[in-house]
Every structure is written in structure tokens, then in C-alpha cells.
């Protein structure tokens, strides 16, 4: 097991950061240990700074944005557009208007699939996805295919649970219009080489959509360096509010796309006979947006920047490395995902002999260790791995070696309860 | 000017309620009067109770919902589903699953238009809308018409700025598949008789979609009594969070509808070949929802119930009556909307001689009076009224006669600044 | 808390399930999934003299869902169909005898939902799960 | 604050706009709208000897947008096209001489955006409004 990143100089103190997150410091009932939260891949916890940003917004600047002439409305509009600029800077987008505010990754991909897909795909076209996608990067395309009739090819896994680049190269020979894939798999933590895959796609004339739900919270992501055409993220996984998120898109592509939802703010002119549409980003933000949530998202991005995304990545790799040392002591444990830790994020998916993953998670909950069990919204990946479900532990900046130790002890206990020796 | 509702027994003290709303009690710069917030039709302010509900959610129960086996996730799921039950009770829906959580009214209508419309409308069909709709109940239908090709008829206005029921009856003879209209017009405050219009529509075999963005915050709304098929609302206009809202639909209709967005939670099974979908309400809630916002929405509904929607309605009518007494003293003022106050909500739209509505609003802002100016996302209505824009003052429970007095004084001042005598 | 749901009875039925298998032909067969966690249960029933003469379950899922299916089939084998209709979720939960959170309740009740849906139709089974 | 934007100059130009009307034919004509508030401005230009020989504006909107259009047409009438290209938003705002919030800035700058878009194309006008 080789750790490619240098970890000795980790600058991040998980136990200290933990104090920023009120929910992790809640008093527990008598006799219950503190919460070991190992489910950040599902949704992260929120620091004081983000909770305060929402609170302050409602207490001091709330109003509907745009078109308001009075002070509060101007302040709310300014806060919303400043949040957009913060996200553009965070992702290194060329312009703020390349960041469309959405509820979550799922909405981002639905928007891209519908607005870009409907105007670019016909029945004779192909697109490429992968078997490790989250349902949110599968179902929108399945639904669109029902309507339009294009074909979908899937990049399969290698034996090491990475994407098979040989097959990818072959699929590109069929000239797909789009390649869509996760930067990091939520279910097994595989980390894909976005820059290389994007270069290959562009050489073949395909546009690239990256599901960055699991990468943006955990490592530096630069949309210009990666040169992706679309990138989707969820605020709630990056210490931001639920209900916040971004679809990044290259300006030329966004400008050529028809709208997705219709309503206020996204129009230029409405008559009874029809509608003409506003410029980006407004064209894709119909109705009153979740201003407080997007302002909270900007606070989350600022928080991550202050902690340092390089440091977060190192910290998680260090925990991953430690876990990989400790976990093999647990009998009957099978782990999924690439062996090479430099090809992984801080996500560990496993099964424990014949104990069902839910039962493992329930026993861990008895020890106040929060993990997730199930198909992780990646049923095709589960099928490819030959399992119905796994138990998954995922790390974030606020986790510590102690959390890993407790996970290991909890798994021993599960074996014990189920009489699995 | 006749006030049909008895107002002597108003049980609501606007000045007292105002204390629940932190933003209305912010200290102002030296010499600036307190905020007279007369723009609740755009977005309402939030009481302490709602701000606290969001805060408490993030500090004590935040986690991703569904499929989580551990305590926090169960608590978050329970809070989310309890919020759904609260909204169902608030609207008197038969079942919680008839309430789909959405970001706002705009998303609710887009969902209904796409999911119901795509599976129920063909090129030969007709639907009926009205000239007083907000763009969010026009543009989604315009966009769908582009694709499918059905026809749209519009109910026009009478001279008293109400919907023309004679024309409506004629349009129903053409057997439209759907009738969609606002319960209350955001731009002129006209209050439509939903029960009667729905009965007529049903007799003609049409389904009914009501845009209740401007009614639910201000008066009791009972979906069973009104017998509407779909009803859309926004949390942010009913003292709830931005990013929250509900599409109510009758169960049989929702169950027959295909999904709108694809992703996690809304599936039954996903394979590489395709997707089968979950039951309602999950089918329409793809991805991680805005749990904190919907929990905040339930807190808002509880707040409104505690204050009393009858009392809120009476209070607003009382203010409207008072304003109608005072405003005629302002030279050059032209008001829009029904004369009969029982056919109105607490919204007053007006023009002031040749002063542009934005300039009126800017001068009022100088007096710290917040009103809105523009087309109010109702350009076809503005065209029908023969104006480009109006200035609009709108009331909520926290407004007082003092706000009305300041509005009147501000309008006199506007005349003065522009030398309009 | 979570631990106490793994009492002997559950672990025993999970390890040595009763009536595991399928019946072909069967008078009633029904299968359903808990969409939240993927548990699957199928139940096949043969009827004689208005009684459940034979019953078998198959499927996969957590210990709670599978043990519950095993226990349920034991409860109803040989019983008149009428009594099966009257069987409430409390009856099954009493038999299981463990404290369950809302999410795990759905695991525990999946087998009852499947049995009722198979014999009386989906609508009859609805109250089991709402 | 809001009040002070209605200084004499603005009110005067709003009441008695300079160069109001249209030119037909014109060498350059362009119209645009402020989608946020609906202000409309159209500007027609005739050129002789690389100078703006005649200019007219039309449209409707708030006092700021209309007075700004009136003031701008006065500023550029008779000027070489080159200098118009170099005209910055600060130049126009200095002339208006009023404090403006971001929303009202767009009202004030609409005329400059329209003038530049008309003469040099939409891209050249973009920086005026971003």
C-alpha cells in the first residue's frame, strides 16, 4: 500500500477543526461516547461560520433579489452575486456568470442534460458514461434517452476498481457527443484523472461533464486547469447548506443553451404569444432563488479555502493510510476500491462476511459511529462489484485517528454479535 | 368602497408581531426612520421562530436523509417527513405524500407542467390561463407548447380588473385539458374565486392548477374545500425560508405522472439499461433535498397557524381599507385592481402621474419605505392595464397604520421632488 | 440501543431461517422491495380449506427483514386466511420483541406487507407501511 | 441617499430631454433593455467625417436612464468616433454626478451600453455593464 502524497507535514488538526462544528460537540446521553461521524460522503456537517452566515442573512439583509430599488433588496442582490463570484473564484472559473446556482448536484446534472442534451443530441448520437456513476448522473440521461433515443456506452471497471482507460479510448472512437463521469466515486472512493480523460474526450470532439460532488469538498478543483465543459457540485457535501449548489459551464456552451425551467428572472420579455429569454446566468435561475443557502455556500467555500484544500486532502489521505493499516485486523472484511491510495479519496466501502451491511451499520450506530450502508445510489456499480450493498465509512477534515480506531473496534464487535469468528 | 369582512374585532397586533421579526427591528443609521417594509408580496421577512428552526436543525440533527441507519440520519428523516405532514395539515391535504417539496412556486409549476403536461397534452389540446398570471405560470407553458404544440387561451380582465367569468365560461366550452390561474394576483392583488372556477373547470372536464404563492401566506387555504388538483406555493413569501415550497397534487394525479428530475431517492431500481421509479412523493424529489429549508417552512406554517390566518386576513383588509381612505389625498395617483376590497388581497399597485415607478420607489427608499417597482413578473398584465410598470406596496401581518401614513407622506414627497403639483 | 435489536431470536432466525425457499406452483406469490435500503422479500403461499397450508419466503436483506419473514411465516402457517387479514403490524412487532427506529420498522414490516399484498392486493397492504 | 440622486441636472434632463427622437435613415441604430427593470433606450447615429454628426435617442424608463441618455447624447454630439470608443463609464457617471447603487448604475449606463453596442458591436459594450 503506497501513499504517493507526502503526509508527514500534515498541517491540519482534525480535533481542533472539530470544535468549529457544533453538531459534533453536542452533549451525548449518559454513557454514550462522542459522535464518530464517518458519513460525510452522504452529507457533511456545518461549521459555525456557515450556520452564522445563514442566520445573519435572515436577520440583516433578507429581501427578494433583482428588480428591488430599496436598500435591503440591493443588499440581498449584492450578497447573492458576491456568492456567485466567490464560487467562481473558488473553482477558478473565468467569469462569475459561468456559475449557475442550483439546489444540488442532481439538479445541476438534470439542467445540463435537459438544456444541453435536448439541443445537442439526436437519436443517432452516442454519449459515454461510466459504471461507477451515482444515479444522479445516470437517471437524467436514461430519462432523456427515452425521449430522444440516443445511445449510451459505459466505461467498465478494471480489476483494481478503476475506470478502464483502454475501453474508454475505444468508446471515443465512436465519436460520442458527450462524456460524463464522476471525479470521485461516492461508493468506492475511486479518484478519476479528470484532466487526462477530458483531453481524450476533447480530442475525440466530445464535451465533458464532471460530477464533482465528491471531489470539490476534499481537494483543489480548478475548472480551467481541468478544462471540463460542465461541472456539478452540491453545497451540503462541502460544509455548506442543503439546498445550495453550482452547475459550472463554459460560457459559450451555456450561452448556446435553451433554458430548463421557466418563470420570473429568466425572461427578457413575456407576451401572451411567447417568451424571450435573459442572458446567463439568469436564464437558468427561474424564480426566487435560495439566496440564504447560496450565501451560506460562499461562506463554506471561504471556510474550505481558509483551512486549505491541499491540507484537507493530505489529512484524509493520512487517515485513509492509517485505516488501511488497521482494518485488515478485522476478520471477514472485504474492501472495494483501488489499492493505490493516490487513486482514492477518503472513502472506504466494505462488506463484513455474511453480515448484511445494514446490520453492520446498526451495530456501529450502537457505538455512536455513523456510517452509511446500502447501494449508495450506485446500483450499477454494486452489480459490477457483485454485491447488493456495502457499508461505507468516509472521512472529512474533522475526523481523527480515534474515529478510525473506533470503527475498527466496532467492526470487531459486529463480528462478535453475529457469532462470526 | 365596501369592506365586506367585519374588521372591528381584529385580534392581531401588527406592532407586537413586528417584534418577532429581527430584521424589522435592526438599528438604523442616525436620522433614518425605522424600516417600513411594504414588499412582502416579493418576499416576506422571517420571524425568530423560523430562523431558529434552521439554526437548530444544523446544530443538532443535520444529516442526509433516507437510507441512513444511524441516529442523526433517522432524526433528519423524521424532521423532514414531519415537515411534510405539517404542510399537509396546514393545507388540509388528505395525505402527506400529496405534498411534494420544491424550491419555490416556480419549480412547483415547472414540475406540474412537465410531468403532468408531457403525459397529458398533445398538439390538439387546449389549456386555459389568465392574463393576470405571474411569469412563472406562463413561461413553463410557453416552453412546453414549443415542444408539444397545444393551444393556450387566456381569460381577460373586466373593467374592474377581475377575471372575466363570461369569457371563462366560453373558453371552457372548448374542453380544455387544464385551467391554471393565480389565487391572488401578485401585481394588482385581485383575489380569484378558486372554488367556483374549479367547479366550472371540473364540470367541463379540465384539471385545475392554482398558483397560491400570494394566497397561502395571507388567508386560510384548504385544498379539499377548494377541490383543486394542483396547488403551488413558495415558503419565502409565507415567513418561511428561501428555497422551500410545496407542490400539492391529488394523489391519483401524482401517481399517474412520470418524474421530472432524475437522480437519487426517486428510483426503485437502476441498471445500465434503464430506471424504474419510486412511489410518490419520492418520485418527484430527486437528490438531496433542502431539508433545513423545508423544516423551516413547517416552522413558518406553525407560526402562521399560531397567529391565525383569519386574523392575518382581517388585519390586512383593515390596512387596505385604511390605505384606500388615505391614498386619494395624493395628487396624480392611479390605482389598479378591483374596487371591491373583498375581491382583493393587501396589495396596492399604482402609478404616480408621469413619474416613473422606479423613481417613486427610489424616493420612498429615501424615507426607508420598501416597495417594489416594475412589471412584477406580469408583463402581459401590465400590457392589459396599458402601463409598462407600476409601483406596488404590499401588506403583511407586521405592517401597521403607521406604515400606511408614511407611504402616503412619501408619495406626496415624490410629487414634490418631481415638481408634479 | 441499536445493539439490543439483535436479540437471540432475531439472530437465530437470521441464521436458521424457517420456511426459506419457494413454492411452485403457488396460490399466491408476491415480491416487494424496500426502496430505501434494497431489502427484498418474496412469499409464496398455498391454500387448502381456506387455510395457509404451505408457505415459503425468499429474498435477501438485513437480519431484521429476513428474521421477520421467517418469524412471520411461522406465525401464519396453518392459520385461516381470515386471521391473516386481521393480523396487525403490532402482532408481528410483538413477536419480534425489539425496539425499532422508523427506518428499521420498514425492514421489519416488509414481510407482512408482502404477505398481505399477495393475498389481498396492494391496497390492503398499504396501511402496513404508512 | 436615494433622494440625492434626483439632483437638478437629472430632473431637468428628464423633463426636457435633449436629442430626443429618431433618425431615419441612420448610420448606426441600436436598442436595448435593462431586463431587471424594463428601461428601454434606442440610439440612432449619423456619421460624417468620422464624427457623430447627428444623434437621437428614444425609449422609456426611469428618470436616471432617460436623463443619462439625454446627457450622453450631448456629450458625444460632434465628437470623433474614436473618442466615443474611449469614453468610459466613469466619464458618464462623472457627468451625472450622483451616487448610484448597483441596480441604478445599470439604469444610468444603459445609454452608454447602447451607444457602444450600436457603433462597435455588442462585445465592445460588454464591459460597460459587467
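Observations, loosely collected:
For reference, chains read A, B, C and D in written order, and residue numbers begin at 1 within each chain.
We adopt the following convention: a residue touches a chain if its C-beta (ideal position, glycine included) is under 8 Å from a C-beta of that chain, and two chains touch if they have at least 3 such contacts.
What you see is a predicted model; the values in this text were computed from it and never measured.
Leaving out chain B only, every other chain stays linked by touch in one piece.
For the pair chain A and chain D, the distance between C-alpha centroids works out to 46 Å. Between the Cα centres of chain A and chain C there is a gap of 37 Å.
Per-chain Cα centroids separate chain A from chain B by 32 Å. Annotation for chain D: residues 2, 36-37, 104 touch two or more other chains. Multi-chain contact residues, meaning those touching two or more other chains, occur in chain B at positions 67-69, 71, 73, 267, 269, 358, 362, 365, 373-374.
Listed by chain label, the pairs that touch are A-B, A-C, A-D, B-C, B-D. For chain A in complex with chain D, the residues that touch the partner chain are 66-69, 71, 73-74, 77-78, 267-269, 278-279, 282.
Taken together, the chain C residues at the contact with chain B in this complex read 2, 33, 35-37, 101-104. Residues of chain B that touch chain A in their complex: 22-23, 26, 35, 37, 39, 42-43, 45-46, 50-51, 54-55, 58-64, 67-73, 103-107, 109-110, 131, 134-136, 138-143, 146, 152, 154, 234, 236, 241-243, 259, 261-267, 269-272, 274-275, 286-293, 358, 361-362, 364-365, 368-374, 377, 379-380, 383.
Within the complex, the chain D residues that touch chain B are 1-6, 11, 15, 36-39, 60-64, 104, 107. Residues 355-359, 362-363, 365-366, 373-375, 388-389, 417-419 of chain B touch chain D in their complex.
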